[in-house]
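Okay, got some structures for you below.
Shared between the two complexes below is chain A, which pairs with chain B and chain C, respectively.
After this line comes the complex of A and B, so read on.
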């Protein structure tokens, strides 16, 4: 397998594009024609060759550009990566998980040689070669979580487990759907989810937490979450809202297909062996509406979902202001035909 | 001033169940302004609560009468300070010196309770050893998510960040670590269009 990496940007001139292959493997999040919150957790096992569920940590054509974008965000705001002092061991656990998974799943791209605690890591796409001593942070250029998450697509939170709850005590967050790690670090599961409307009353978080507290090593789980983003921007943080906020008001019937992106998070959860923490990667996939509608099933379904979504959710997900334009655009691609079950293209 | 009853809010918003005497055990008590009344009520309910208490009180400017009443409750140590900043090192020392089984009683505004509880948690006091009661105005301690500066005693929504000058709206989302609510630019999408400020409701 050879992989081509795009030279593209997620800010400024926004040259991000999905190739036709990337569109086909986009994790479309709706398995039916309507949407409401659910716990929707399933085992994160190898599913469908070529899909984003094939490997434990999906690497795609955007890898190099996404890592470049992360580095820019961190230079501007180092507080996007934080780890409370007791979380270093969890950082090592996560580094081990990512390195071993990537080296096994993508041997052409990554190599890990281990001689006891003396490790040798090669990351070919990013041109990195590093020899270090496992569990000795002085042998890496930065902490273990920061080191590996600068080389792994998606945001990442490390959750400590104690007192019957999960605590967001470390994270690398540069591609988030409008939440602040700096504000939320140290919060428990209920606190950091507090701004989500409706789900609390529905008992979603109580059930999800109960499930996650019993998560077992070697049995990771996943779910999809979604929102809408104007322009293919990874850094939609509250910190930089004054930068991207005005762009939300530039959507017109002429530009909506190119500018409006469906933003999907592939969230996975992994029990870590030494720290008993949970790693929580939140991988972001972006797809312009113009590309979504190249899959007829997706165009029909997205139209129905967004048209019928409760106002409160459109407001929370931040696209209420553009909803009319989006739904009008998508209506042109909905001929009323039935859609097949499941998320994959027909 | 009676205890504040807040309207239902989101999960991260703290609740202040009120002070309940834990008896004659080691205690740190920190109160500000109208919070003194909560300590006075506490001592009226159980005078022994003061036997081993270190009381730190920050009176409202120009109010010497309330402190005089508080000082007569028989606390083991009683200290008055002109501001939270002025008593912070003393408070930190008290937390550092505290033994297992020490209780913390906090009373006053949301801002005082928030930052004092965050300080105590950082010092290693377990969360269930912290009692709190809200008294006084419903002003909020706000962190600007953009410049990270904290603005104290915010009474309106939106308000002006005391550091970067942006107009921020007041969220219910609260960080115990920072002891502050989150403020976000209200005109980020439409620069310059800022609604009339309204008083913050409970």
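After this line comes the complex of A and C, so read on.
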């Protein structure tokens, strides 16, 4: 299978589009007609050929354009990528995980040849060929985490484990749902989750942390998270809020279907071998409401979820201002029929 | 809890009491790498009993060709170490779990001071290989009673910062001297008998070391004790725990599923709610809070025992 990569933008003229196949494989996050927080963690294993869960690191038609958008964001704000000095080993662990996974899962796109510590990496979609010495950062053009995350869709955090907690001590964050690596760097699990409403009182974070501290090598896990974004924009960061915040006010009943996107994060968690750190890739998928409703089950269900969502969650996720317009639009696609269990299209 | 079948490739006596075992993949495949301080759980089919003991990995963390452990024969123990010494030979196949690290190096440290007593040297054997590879400054102090007991002496690299202290020969370890005068940003790690662990932690505190710079290996072998009985709240069944059996092992023998990782009171996986207790729980873990212990509202079945009339647990 050869993959075709879109020539598209995630800013300015926003030419991002999902092909019909990309819509069908969109990771719709709701497995029932209502939503509340849960830890909702499951093993990250190969699931459903063609779905975003088929491979360890999903590569899709947006790959090349997303990497181009990341480079623009980094050029404007280098602090989107940070790694505290003790995290370099974790960076190598992560580089190895991504390179070996992609070379195995997409041999037509990526090749990794290893002769002891002498590695040779070929990334065909991005036109990259690199020979380097594993664990010797002077043989790469930048640090190992930055190097590999400039070639891997999604944001990535590397969490150090110590003192019975996890610490956000490295990351590449250019496609985030309104959080800042520069603000969170060095924080522990409870500190960086402090802004999330309700969940702490529910004990969600205590349980999640306990689970993650015992995450085992070779047994990665995943969960889906979601929010809403106006325009197909990856860089919705606090740093650039003046650029995208006002766009929320451009949604009208006429434009909502095209402009309003459901933003889904496929979050995976991996225990890294040499560093004992945890890698936390946060892969963002965007889908316009007009495309969501081409799957009747999703149109019905999204209407019911957003209609019934507690106000503070709509506020936290940043779409309270447009909720009425969104729910009115979606109501047209909800005939009241029952929906089938699970997230996949019927 | 995921385990794979590995083959014993080498068995070597390091001292009269300590034996080194090397495990390899039966088809020669590479094993997952690990971080210094990690342990694996080895499953031992000892007659009708399935024993599971945790052992620190002593081999090079960056060498996936095999895993090595060192086992000290414990005559008073529950039988796992006796089984390893008496029954396990080259060529045998045993199930070995994935590496788990509850005693990792803090890589922020500017300098690492490692202090071992006796068999407590094991996690440091892997850690110093990692430190050397990463070119991080460290010093190791290995305290033993006699030269004959210094099982790991020849597994240690010949480096100026590796110190062997043999109390019988008068070179007793001086904790005050080791811990004073270390530069800011130094972390200290201790593993060994309880007296040594307490000695290091107390000395460091007196010298004003920050708590976050002190690390001790927390997990321990389940101590034997008197037999006792527990009631399972969900089924109403009563199960007996033998003197050389842990509550976790008794639950497993009764086919009650309990999650676990370290089997040594450190990881928290097997924490079990106590629904009623008339008697005294002997808490041996490093996991529960003081309040949870005092209220007897929870028990860690991997290491803790019970003495009294009734213990009912939520299993």
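Some notes on this structure:
Note that in this section the second predicted complex is superposed on the first by the 346 of 346 C-alpha atoms of A that agree within 3 Å, B and C clash if a C-alpha of one lies under 4 Å from a C-alpha of the other, contacts with A are read in each partner's own complex, and residues count from 1 in each chain.
Keep in mind that, in the parts below, a contact is a pair of C-beta atoms (placed from the backbone, for glycine too) under 8 Å apart; a residue touches a chain by one contact, two chains touch by 3 or more.
The structure displayed is predicted, hence computed values, not measured ones.
Touch criterion met: A:238 reaches chain B, while chain C stays clear of it. In the superposed pair of complexes, A:194 makes contact with chain B only, with no contact to chain C.
Contacts of A:321 after superposition: chain B is touched, whereas chain C is not reached.
Chain A meets chain B in the complex at residues 79, 180, 182-187, 190-195, 200, 238-239, 241-242, 245-246, 248-249, 321. Those residues of chain C lying in contact with chain A across their complex are 1-2, 32-35, 38, 61-62, 98-101, 104, 106-108, 130, 133-134, 212, 261, 267-269. Chain B makes touch with chain A in their complex at residues 10-13, 143, 145-146, 148, 166, 171-178, 182, 184-185, 188-191.
On the chain A side of its complex with chain C, the touching residues are 84-87, 89, 135, 160-163, 210, 213-214, 216-219, 273-276.
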